[in-house]
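Please find the structures below.
Okay, so chain A shows up in both of these, paired with chain B first and chain C after.
Now for the complex of A and B:
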């Protein structure tokens, strides 16, 4: 590990990339601040709680540099195999972290919905972002969030006006295309729903080919009073990719937020979900499914901050581990003093299917109020021999029976996916991964 | 639920066992350097190997920094302001109870644990530790008949040097952590138990610890070795007098269970928790670890922690032998400004190893309670099984209950479950009891005892009674 603090990520901040001044004083100062933070903080080691089970060595070995500004020559038809068949959505496409209007489908946006590239909006209407950019993530001391801010360049902005209700989902496709050398893309997204707005957001991470690259995305999301958002995140990056995602959420009074996370791809994936309640009676539902096969690391960190009373949260993550797959689940529910009548339940269940697979799980509760309902549960186990026997006695082959049982285990999370077209596609992807898995 | 006057009443209630016995003691000046380590060893006339061990530990300790990861807050400890040795002035050592300093015996009487009575009524052999040197040892002869060695560790060093040399530090090495290193360097005294092959210890063994002399950190060292097929149950309980300055207590307990052996280790801890502002309580930084070295061995920890300003304690089991079993049952109570960061580690290394963790935390007033546990199932631990249950009960709205479990599984045949809940005494429960004519206090006591029953059931009879009493006293009037 590099001894000089911040050095390992120095190329990520390279000047030829996005580090040049934007011309916006407030943004440049925020970026400078983030750069200083990266330098001061240095590279986390496993002595730090949040990195206890996650080594950055492999990531640092790659020597990533920021993706160049040059547009990637892709045609809409190149995208076709990556789409969800039958999914009708307002589509925003990013290629290597950069918004590509030509591939996006943002025709006929309904009234009250604004979707656009971050760089574009920073040029045309920076005031719309001044309070929002870093407004939610600013508190975070996360190295990768700081790196993202420091290298801030492009991303997607989704703004819903007060009371706007959008039926069709908004689909955010992060497409990564292999480059001649390992590149890091650091898209930054800002999603804000004003009071009473309702929407559905689908975030998908896909790649063309099995390239080696790194995605370090940050999404800042704020829900106004009584806003409702369903957020689905499907990560199917290339098998050689590094995937880092930070979600920073601020939930207004009475708002409802559901996030369904599916982690299937990448060789090294780290996701941080940070939830902060900004008003009472808000509800947050975090669901997750992860598969980790050979040499894969799937790392989920949840930090749910019940700083206000009367909010409820659900955290339900399930994992299937095979081959030499590793997963980390680190969930924390924090209940502040006086956050009475908090209702929080966390659950993490894992199927460990082969020798060499490993799960490290850490579901934590930190409770400083007495009138609360809080619980957490964790299990690690295998496929029940009785269940296997039941299926086999009905003439189903052992591998198929195992797959069926795994899909049944995953079904609880998969069933949260909507619309059906998305659910079917993800279920199929899970199924095919299990088919290739050396489960014994 | 808001803090009722009753909560304040209990928070303000004085520590029942707070008094100081005036006994001449032989105490070192505060400070710690190699000279002090040598002096402790010289004073005890220790053999060379032990001095070497202490010095090695001391040198290692000097390289370490105070651990900061625990969920507790306290002012920095000045290790140079502590006196590292204190022994009641002994007059050639008492041969029987009659020879014991009357003031000392009076102390035990005040605590409600008269030695004679204990011997007569319960048949427990008591090796009472008054400060740092054992002054009363009972039932030695009876135990000797069975071949069981039960004595102060300082005596064992002389009488059984080979056993000490072989086992001391083999479970908790001096490099283990900051406090273990400190203890290894300056340990004052403690208990040594050796149960030979196939022997079932004829009685429950018990040590009452008592911290007495002012400003004296106490560094006990307990070593229990159970040879193949043996069985022993050990009880540890303690109270401490009131004082102004924080006292450091950094004990080390090592248990070794060979094939088919079983060790049951029970603790009731009720040290001075400090006053309403949290001043003056005991700092209890303990390293306890059991090594299930043999196949089918079993180590069971049961603890009832109601005292101390800060508790930092993780009785652990290394499940090395195939089919070995580790258990941890804990009730911890924090009230006032008490902070407890406690839990266990179950390290599954052997095949078909099993462990059970039941932790009940009760937090009242401004108490902070943390369960921190590790369950590690190594790649070769085929068929390992763990069940963990952590329940917290919150009384009052200024307290905290936290759960930090760590679960690391590397074997696909492992079965492990962890569950944790947090609750308060519900109005419905209280109303139910009250409507049947019970006072609020009795109702709370009943509900809390019910909450802890699973753990109390694991305690030996005498301890269970004491523990229940302690709990009711601790929580008197905590709910209004």
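Now for the complex of A and C:
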């Protein structure tokens, strides 16, 4: 990538840039490597399959600056309107990519659970992270993962010791607050559950105001043998934001992982879910719901790598598109030659509420083993006139009837959200988005 | 309450209703019978405002208003209700939520206060009791995965909650065994009142053994060719439609 003016990420690519010297030799060398990788690879174009339907032009035109060291001073009450009513959680809050202890609620963590800011832990206990940072993502080929490595300065670390079972969810709130100029935050999250540990993680991307900014987050997650994690990701960024998320998952033998993705916000959002089975008999369940309206792009890339036998994966994504909204679903399930008795099922269903909406959906199964159970299916449809008429004949106005049918369509994914308070909040957000939707 | 005069309606280029007249007074139960293809369901659909029909002539007045001018929801607000021959499945739409939205939309349109969750639940329980229905109905998605009989019962339950002034039951008896038919008929009878009129659209006399109509009309080739009391239905049962010159449409 050339560090041309107008290239919003240039500041991170200079060898004398803001992120060049962390004081940790191993980290500095990884970052230098990431910078070199980005420079060598250059900017992907739409000739590359992973970027075929998603243009980077508008993102790279922005003149972003790295987030300043000091986050805007906020008080806990500023956060209140953004909370899930009644949700009791161990809460860790980042503002513009930086951990803010004063807004977090990490008192009384149970034995075996460690939650903290990445920068702090890099200072106080770097060895805890040395093997974990890039431990799952590796030298990711993905442009934005490399950029994140080159520019990472903070994030959240969640570590669960062997056998630790935490009832109360761990809530990661990534709050963006508009600054006088467009900023980019590149949080790096590291989540590791040792053998037999169980937890629930709620990851929420929220904003105060409708500013233009960019979040480029990477989450590395590893589950040890028989560990269980329920992971819920709710993206409700500002309507003008860019949101990039790369998830790198390593699932140990017998582990069970569920991820419920909800994408509602941002004007341009790209999420990559990379799943690698690291042991047999592991289960992975990826559920997703996305909405895209005018001037909005919602792009999900799934890459599920069944390299070992006897694992199962479910990929079930549903989208509602309206106005001139666009979405991309690119789901790849790879089954290696030796990955016998793999059980994989992928589904992507879309509801288009307008002529101008567009979905590019591409589910792919790449199967090299012969004793497997794999399926995939895609649908793109409209609201059924019969259903609409049925509701209207009962006195329900056409706009409300459409909303009810859309929520009914989304219900399957919404019902995966727990606790009920979170489900209700997201359902309401979906409902109010649909209320504003110009439907023709 | 309902006055249909010279109603003509097409599906595509084909004329189905060819000048139909019908007068329904308050509290009356009318049966509209006729062979397949005579236009029975078309009449029910045109009255409820379903798309796909073009009215080419005549008029329909309901409660003093030109019904054909109104959107389907506005017809419901005026007190019209159609029990569907094939109730539509709405996966993911909860029955309770649906009925509450419907009732409150109707109440709002009439300038009445909306019911809160508690009063609504009370109303639902009361109606379930009257109709001898199971309350598992409330938690399920509308008609989704319901048996044929359950769907028809759910239609009657909706009618009980929405309390229409005029209910049109479109072949509500079709596909029901005798027990299910009795339950549905009992439901309709429980909802009969001097304020509520009913149009029973049916092919068979069977339903009329359970719901006694005040009037019976025979519809053939898009027109009402004979009207009478309930004894007309018995005559039809004996002789079929042929003696009226109303053969099954090709």
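To be clear about the criterion, the second predicted complex is superposed on the first by the 423 of 440 C-alpha atoms of A that agree within 3 Å, B and C clash if a C-alpha of one lies under 4 Å from a C-alpha of the other, contacts with A are read in each partner's own complex, and residues count from 1 in each chain.
Basically, a residue touches a chain if its C-beta (ideal position, glycine included) is under 8 Å from a C-beta of that chain, and two chains touch if they have at least 3 such contacts.
Owing to the predicted nature of the structure, the values given are computational and were not obtained by experimental measurement.
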item	value
Fit or clash - chain C, chain B, common chain A	fit
First, second, both or neither for A:390, with chain B first and chain C second	second
Partner chain in contact with A:354 - chain B first, chain C second, else both or neither	first
Partner chain in contact with A:366 - chain B first, chain C second, else both or neither	first
Most chain A residues touched (candidates chain B, chain C)	B
Contacts of A:376 with chain B and chain C, given as first, second, both or neither	first
Which of chain B and chain C A:63 touches, first, second, both or neither	neither
Computed vertex angle (chain A) for partners chain B and chain C, CA, steps of 10°	80
Partner chain in contact with A:340 - chain B first, chain C second, else both or neither	first
Closest approach of chain C to chain B (Cα atoms, Å)	16
Shared chain A contacts, counted only where both chain B and chain C touch the same residue	none
Sites on chain B touched by chain A in the complex	1, 69, 377, 379, 392, 394-424
Chain A residues within the chain B interface of the complex	49, 53, 337-338, 340, 350, 352-382
Chain A - residues contacting chain C, complex	384-387, 389-398, 400, 404-405, 407-412
Residue ranges of chain C touching chain A (in the complex, touch as defined)	48-51, 71-73, 75-77, 81-82, 84, 87-88, 90-93, 97-99, 101-103, 105-106, 109, 141, 158, 162
